[in-house]
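Below: one structure in structure tokens.
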């Protein structure tokens, strides 16, 4: 069988670097183009010295030239720009796997509220939310995949099955998350220089982060209700990689340990990247660094009648580029884990 | 005026090191003894090379010998042991400032549940909870001070005034905290070696941490109710020092931004170590490292009708040894900030 | 072709964890046993949670039982113990790839000076030094491979070709190295807990480190002289992984930039894990983390007539387990990079 | 006695922040102006949140307005700019303590080679090199103090006494140093963002760093020879603060352990910030963080006939702002340690 030909658009950030790392190891994909407006003409290793020796250079993001030579395009572009590229790529018959936020929200109004005008609103309906453990079937035939965000991946995966099974209320959900600094991208800005991040921990975008409507949308879908409102507070912690999310839920009368086990088993029985640790076992970002796993455990606190979920992912792998590759694998009928173990 | 003579008991951990750092800079205190059973006879600098050149050695914790030569004893001993030392020290007329957990809980039953048998239950009533911003008056005459724990300090300080003023409900309080690794003490154990902590973040003691009953007790006192039940989840983050606590509260009908400002002003108007940042401003552990400040801000999320407080302290200073010195200053009628700015 | 059956002895440290990570991804090797006296019977994931979900358990290091079912044994045991296991394994016809220091030194006297009595001195002659870029041919038929140490790998690889080509003197060689904390093993000891290593940098074993005679031996071999004496100072830096070595050499009259290029090209022209960056380009540990590459560059300082080499490896991969797999690949006629890219 | 009135010029970087931290604690100095062109009008706490609550704002660097109200000006300005400010300040009778490199080099040619044209070459002769342990007497009456650089401070302090006493040769001196990231200033540039520095170690400016001529100048002065040439290689390590320098020297026939002890005793007998640890004892950056100490030890390696010195300082304190305050104390006849312990 011939390999999938993959073009990576906007590959000069950390998600791009991680994508290349994964695709270079993928046995059924080949990289046919890596674009960067700013770095066009430069070898990839000039931007990412980790790839010294690799014979691959950035090209300008010339869609007509690239589209003819690829089956899939993975977009690691800023939001807004991603949608602009998606349109001609889709028209050219290329499957588009978008790591940006452009196609995650089903509500155009929500997109406007959090991101501004949408460059291609007609595509919103076409997109499938790229969280394979929740949308695997739809992804098999999707032309446009909107890969789930990093914080949403870490929180939706452990939470959605409990809401779907009616084991927890959609009221009073609290998500308290911490992310390593690559989560901010390869951004050259004062708050992200080493001496400002090392020996520092701080909350940011409290109750106003752009990943909030994404989580609310997907938890509502899971629960089968029109709307869920949650509290979400992200923090920056001095890690390179990793997200740790702690989620507080109110159990319903149907809640029991057996029901929890059952809910996860039903939803994730065959999911190769889910590591449900069981009751009382808690994850560590370290255990999933540079992997595509989402690892989580839970505790029931009878004292307050609350359920606490703790979940860890690598924000660049399962939270971005690994997920994109997983989605690509599913879309092209490959083993879901190819290139990811 | 002659200086306060201070004996430090159990000074071979990080709280002990921080105590010495602060006391050496204190202009109205002199260290008359530093005890360590294990290190008796050794110079302090052999255990803490930071003090190379300091002419001070550990002695055995011989209470009769030491009591005659000190006005205050600061106990940086493990719980259980602290209470055993407090008894003879108090009998000898020494003011006892205890950094351990032995005298923080008013309920003997709670102490038993979380720590085991109490060695000196009769002293529980005598102890004043050593959180100066809440108990300043009582501390002025206290013979036995139970310095507040690190997590409780970080969460009670921003939360208590809102409960006291009736601006937030005592129901549904969630405290999600992260601590640097010195919070675990100078403990030589696999989970704390560098490669296990660096690039790692993990929850632990979920819903079962020993600081939980302490927070619940003090929030109940603040609210004027018999009991408050909260969710508390601590995490370990790769910092040397610092605690970041994010606290979720449900506002009452009395809640307003003006009322919040007023509540903090009334409670903390003169408190030299409180930094209330105001609405929408969030703290950073880095801003308070190696200081005795507690820095916090808040946000009101109308979307979910929740209040989010974010608070930072240095766990070794305001969370332990700085607080002990602050309590000592108050007890001995010294300026509250002496040795701490 | 059937896969190589590999037994890993002493797999409960960081080198063992890295070995498993690499072997699990190796397409032509299968793990038939993983031993740990202390953890026998436990699943591997109980010791290394990174492998949660892996169906593999530690067994006791019973050589007769294991030898019949493996082609290669990789020893990640402490020195002394490794030699004891090598004897019966070799007798049983198993190829032994030893990560310990037991067979690196050709001189029994040097071994005694640095490590004590040797448990199997008769094997010293049989061993081939496991630095593939220097001993590839001999490794193809070696029954006993003594994998090079981490500091020696980082310093010998850039230095040996210059001495071999007569471009630098064997006099006055200075090696100043820094290692991440996994270099100390998974050791539970006060100097290695997080708060003692984070925000710390310190020299240790100055001029007396056990890797010194190993470097001197191999540089003497390269230069074709009976003895080379060097200064070697290792330091501990707050990284999980990585060694950075800075090496100072005195050039001979034959030295020129062309000659340097030529020397490296001749020695390493086909070496897949050598990244010679050229003149004036300096490596970064980050570029080689979790890879098997050795990356180095050089500068000639005409001001002092000195050559400075800077070299980086990952101490657990190229400095230990990756090198072991590379040696195994060579020994068994597999592609040298299998499992390592 | 009235306090010294101090103006801080260019206080918006890390050296400025450290200066303020130290001066605020100084009992015989008061800050009369803090300048920042860019931040004029803003409260200091807007740039350095650590100082929240401090009633102090940046002003424009208007020398005539400021000079009348200060006794000393500490310049934390970029090189070039510092000299431009020094001229009018000196004319106005203000004592100038410069943290930049503008007045460190006695040779105008060397300045030009490393920094470009000098804005005030006539002042070079007037300047006293601000390394108190070497120039204490001259500093007592200096109008213009050129505070020693961070790397030079860490290497000159342990090395100069041995050269001065003829115990080591001026030939073949090698200085291998590592600095925390604040050493690069509060610089917003890709190589300094957290994910590029964390888990990274790299050499830079190999054999071409601007601190090289400064070290060579001062070692030549110490040795009483016209010129010394050394190898100096700096590295960036993932620390906030701290410099570790490892120095290799060739002993002369006069070298002995007694002579070393004697040399340091003579030179540094009364120096309050020198911690000579003795033979075989090695320093740790952690022991001197946020202090003004220089801590060092040595080893003699008879195997190669080399002396190895290891030295640690905090680059922002003893390597910059602490040293400036120490120089100021000396110049104004205050206790040398005021504000620094």
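Labels for the chains are A, B, C and D, by order of writing; each one numbers its residues from 1.
Everything below uses one rule, namely that contacts are C-beta pairs under 8 Å (C-beta built on N, C-alpha and C of every residue); 3 or more make two chains touch, one makes a residue touch a chain.
These numbers come from a predicted model, not from an experiment.
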{"item": "Chain of greatest Cα-centre distance to subunit D", "value": "A"}
{"item": "Approximate Å spacing (C-alpha centroids) for the pair subunit C, subunit D", "value": "39"}
{"item": "Geometric centre distance via CA averages, subunit D-subunit B, whole Å", "value": "37"}
{"item": "Centroid distance [mean C-alpha coordinates] between subunit C and subunit B, Å", "value": "47"}
{"item": "Contacts with two or more other chains, residues of subunit A listed in rising order", "value": "196, 199, 238-240, 284, 286"}
{"item": "Arrangement of touching chains [line / ring / star / complete / other]", "value": "complete"}
{"item": "Sites on subunit C touched by subunit B in the complex", "value": "14, 180-182, 186-190, 192-199, 238-240"}
{"item": "In the complex, subunit B residues that touch subunit A", "value": "172, 174, 176, 178, 196, 199-204, 206-207, 229-231, 233, 235, 237-242, 244, 246, 248, 280, 282-286, 289, 299, 301, 303-304, 306, 308, 310, 312"}
{"item": "Subunit D-facing residues of subunit B, complex", "value": "24-25, 49-50, 52-53, 199, 275, 277, 284, 286-288, 290-291, 295, 341"}
